[in-house]
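You will see two complexes here that share chain A, one where it goes with chain B and one where it goes with chain C.
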Partner chain A sequence: MSFIPMFFVIPLVSAFLIPILGKIYKPLVWIVSTVASFALFVLALYGITVTQEIPMIVYKMGNWPPPLGIVMAFDSFSALMVLVISIIVFTGSLFSLRYMSRYTGQWKFYTLFMLITAGMMGVSITGDLFNMFVFLEIAAISSYALVAFGVGAEELEASFKYMIMGEIGGLTFLLAIALIYAKTSTLNLADISNSLQVMGHTTFFWMVLGMMLFAFFIKAALVPFHSWLPDAHPAAPAPISSLLSGTFIKVLGIYTTARLVFNIFGLTRANDPLFFNILIGFGLLSISFAGLTALSQKDYKRLLGFSSVSQIGYIMLGFGIGNYEGVAGAIFFILAHALAKGLLFLTSGAVVHAAGTRDLDKLSGLGERMPTTAWSFRFGSLSLIGIPPLVGFFAKFYIILGTIKAGFIWVALIAILLSVLTLGYLLKIENSVFMKKGKTDAKKAPFTMRIAMVFLVVLIVIFGIGFQTIINFVVGPAAHALLRGLEYSHLVFGSFIMNF
Partner chain B sequence: MIVFVSCIILFLIGLYAVVTKRNLIKIAIGFALIEYAINLFFALVGFKRGALAPIITRLDTPHNFVDPIPQALVLTAIVIALGTTALMLTIILRIYSHYKTFDIAEIKKLRG
Partner chain C sequence: MSTRQGMSLIVKTVTNIIVGFIFIYGVYIILHGHLTPGGGFAGGVIIAGAFILRFLAFGSGAKSEKKSLNTASMFESAGGILFIGIAILGLLLAGTFFLNFLPKGTPFYLLSAGIIPLCNIAISIKVGAGLFSIFLALAAMKYVMED
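Our next item is the complex of A and B:
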């Protein structure tokens, strides 16, 4: 019995158990979702230890051999994504207990929550192009419904806008799959990679790659395609905002882009410098434009949404650099940003729960009343800005190091200067919400909410202090998995280690 | 060749509807058109003129078979499209009950 399919079997089973158990005894829905996400977390840690020795674990669905059936290909990069997802899902689930108590129909929330988890897990471990599309749509459709969960006028409008953009992306991806199938007669990622290499870099190759990147950039909310994110992420309930900003845009946008560009299309910086320079351009555009827009926001969560767009730019910049330090930095930043932004959105939830508003002009004086929330916010922001002992610093440091090693001194300078923007907009929240004196009748955040936030703070500090271990055992192998490029297909076809 | 081109034309008509129409229901119809275009394209990829259905029979001479995989994929894509269309129409109805209009230009609480 392999453990690979468990990553999406556990959330799928619990998604369909929740409506039934909710009828019997209401609090069971929360228990099922939290236990399932903790099981995923343990499984993800086990996955990390297994991938230390075995570079690629292949699970054949229904025991069909690779080019014929659907395969799950689990390597170090998948292991890292799965770990990130499970951490954010676990804290989100803990946080939901008290936060969701004012909504009706909670079992619907937890069902969708588990479905979105199953979708993201599936995207990170699948080795089949159409299967990737199916999981991507499972995650995307659940996220449209979760954004509209409050069914107020603003939530619905944000959800509709998000749905239009997301579906244009999803359908473009489907058309690209149809074109690839018409040309190569296969859907297995490893097999596609072999066929594309035989074909060479033709017009068709670049056209299909362009269509896919268009789809993924919409999902990742890079700047020309970002307009849905600052509406959709604030409209969702806080644990969902944390999940969407922390992992969703990275799994559906960044992970898929990186996997296809490096492993399937087999592009390298040495052979296609122009393509990688375009990625750097997208990254810098996102960092600067969204960072500047975030400075002028008056809404707690909307500001954080623009900040996510801006930080996604750093990740894309790292992948655009394309050398080991750049890619490792980008992957490290996926981890660091998921922890920090997940935490920041959870603090926004605690603030909304206590004060009932997220307008920065109306909020004040919460620093004394809610010390845990305030300090969690401070740790999260310091990590995001890049202050040394915390995990965000080392991630950004690796990206900048890669940029300098690749000879882009100007890009490195711009990236360092633009991180001042991060400091600027996060100080704005710190000043008006937590530092400013004011009368408020807000109470402390409930116990489970504080546990969720403290858990993330502890991870930020531990991963920061033990960054060398993280680089050696988690991030480094993941970067090597990407940079070994076309060897991916040899590993998938050559892997006969099935007894996991 | 002409059928492939007409698929792309259908796709573009759908995209035109999504981008330019102001009525929410017409936008949903535009998405349906795009989905039809892609499904049709997929089904045509597997089609061969005069080929047999892909069932193993006792034929002595080698024959052409229709590729069955695109049909299975189209079936999956139709189910996903059903889910999205249903959700989209539900959201449109809920928007209508809040704003009393289907006009996208009048639905603008969110700006910026």
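Our next item is the complex of A and C:
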């Protein structure tokens, strides 16, 4: 028995079981989705242990060898992404039990929830370009429906805008795939990598890369392609906002960018400094522009949405630095930001559940009424700002360290100064929602919601204190997997093919 | 009331004659998916077309539409489970996900190509029920608007 296909088989099977089981006994839908996501979490931990010894596990679908059939290529970077997804999906599913109770048609929610999980899992483990597109669209189309789940005017408008932007990106990616297929006659990532190396850095090479990056930057919501995110993420139900901001934009935007740039197109800082400087430019633009915009927001979730755009900038900055510390920092930041932003969006859900509004001017006095939510918010925002010993500090620290090592002192200074913006906008929520005295009839968050939030707080603290272990066993191998560059194709075609 | 629903008598009669042929043609496309152009998706679309034609010609009320929508979504999930079940069977019986574990038979015969015809049937159930439920969801908008 192999565990690789299980990463998308489990969510797909539960997605199709949920509509049938939901008709028999309604609470079953939540149980199925929670059990499935917990199983994914356990599998992801197992995946981390397996990738310690084996650099790349290649799984042949239907036993067809790599250039002919679809392969799943599972290395340390995939293992990390799968772990991040499973954590956020598990907490989101726990959180949904009480949060979704005011919506009708819950089985639709859980079906889409599992489909989006299957799509993201597939993107992070596939070794085939077209397969990547298919999984990407499964995740994207489910997310359009989930953003519109409330079917109010705000949700529908946000979803429509998001769908148009997302599909422009998706179809550009498809066009790029068609061009690559026409030129190289293959869709296998490792095979494409070999063909592109033979071809050299021609105009075609840069054009296709540009089209793909355009698509991924839209999915990742980097400034100037970010305009859909501050509408779409707040409009979705809170567990979905947590999933979208926590993992979705990173898997569909950042993971794909990093994988293609480093492993398939084989670019390195030493050979193509201009390209990596452009990535740094995009990173700094996102950090500053979205950070400043977030300061002036009056909506709890919209502020967090702009914050996500800003934080994605740090990840892109780390990849743009391109040395070990920078890439490791960026990967660590993916993990840290997923935990922190996932947690912050869950607290927004608890606040909306209790007080019924997201308007920062109307919310007050919740700090005393909802202590667990308030403290979860504090831990999440301290981690996001980068206060030791929480996990966010070490992630940001590695990025800054890489920036200084690469000789970009000015970039490092700007990045440090701009993290004051993070402090600024998160204090705004803290001040008006949790600290300000005011009358409110809000009740404590329900038990399952608190469990989900506390679980993430515990992970933030543990990963922060044990950061050396995380660097050694999770983030470090993932950074090495990326920095291996073109060795990726040798590994896929090489001797590590086995039936795991 | 029930007799006045839907379109004229001519349309209803023609539909009654033709709907069976469309259905059979869909089944033919599905079952010969591994031999001729077409397959699960195309056949499923044709079968959904037969259902949609009947619905358009005869019309229906809000209640029966909702019931049909429920049934269609059940079938859609069943199709999905069937497809992934075939893939998992490959994993359980022969150790590889999506392995074509059945005997391949002689090429160009109806009973050949291992699991491919089974996959086509599963896909056709999923696609047919899916398309039909999309149609029903659009038709049900009418009742949502009236509320």
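The rule is short, and it goes like this: the second predicted complex is superposed on the first by the 496 of 500 C-alpha atoms of A that agree within 3 Å, B and C clash if a C-alpha of one lies under 4 Å from a C-alpha of the other, contacts with A are read in each partner's own complex, and residues count from 1 in each chain.
As a convention for this text, a contact is a pair of C-beta atoms (placed from the backbone, for glycine too) under 8 Å apart; a residue touches a chain by one contact, two chains touch by 3 or more.
Please read all numbers here as calculations on a predicted model, not as lab measurements.
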(request) Pick one for A:Ile20: touches chain B only (first), chain C only (second), both, or neither. (result) second
(message) Of the two partners chain B and chain C, which one touches more residues belonging to chain A?
(response) B
(message) Looking at A:Pro230, would you say it contacts chain B, chain C, both, or neither? Reply first, second, both or neither.
(response) first
(request) Considering only the touch criterion stated at the top, classify A:Leu427 as touching first (chain B), second (chain C), both, or neither. (result) neither
(message) Going by the contact rule set out at the top, does A:Gly62 touch chain B (first), chain C (second), both, or neither?
(response) second
(request) Look at A:Met207 in the shared chain and tell me whether it touches chain B only, chain C only, both, or neither; answer first, second, both or neither. (result) neither
(request) Check the residue A:Leu12 against both partner chains and state whether it touches chain B (first), chain C (second), both, or neither. (result) second
(request) Based on the superposed arrangement, let me know which partner A:Glu157 touches: chain B (first), chain C (second), both, or neither? (result) first
(message) Which stretch or stretches of chain C touch chain A in the complex?
(response) 70, 73-74, 76-78, 80-81, 84, 87-88, 90-91, 95-100
(message) Using the touch definition from the top, list the residues of chain A that touch chain B in their complex.
(response) 130, 134, 137, 141, 144-145, 148, 151-154, 156-161, 163-164, 167-168, 171, 174-175, 178, 181-182, 185, 187, 230-231
(request) Going by the contact rule at the top, pick out the chain B residues touching chain A in the complex. (result) 11, 15, 18, 24, 27, 31, 34-35, 38, 41-42, 45, 67, 69-70, 73, 76-77, 80, 83-84, 87-88, 91-92, 94-95, 98-99, 107-110, 112
(request) Would you mind writing out the residues of chain A in touch with chain C in their complex? (result) 1-2, 5, 9, 12-13, 15-20, 23, 59-63, 499
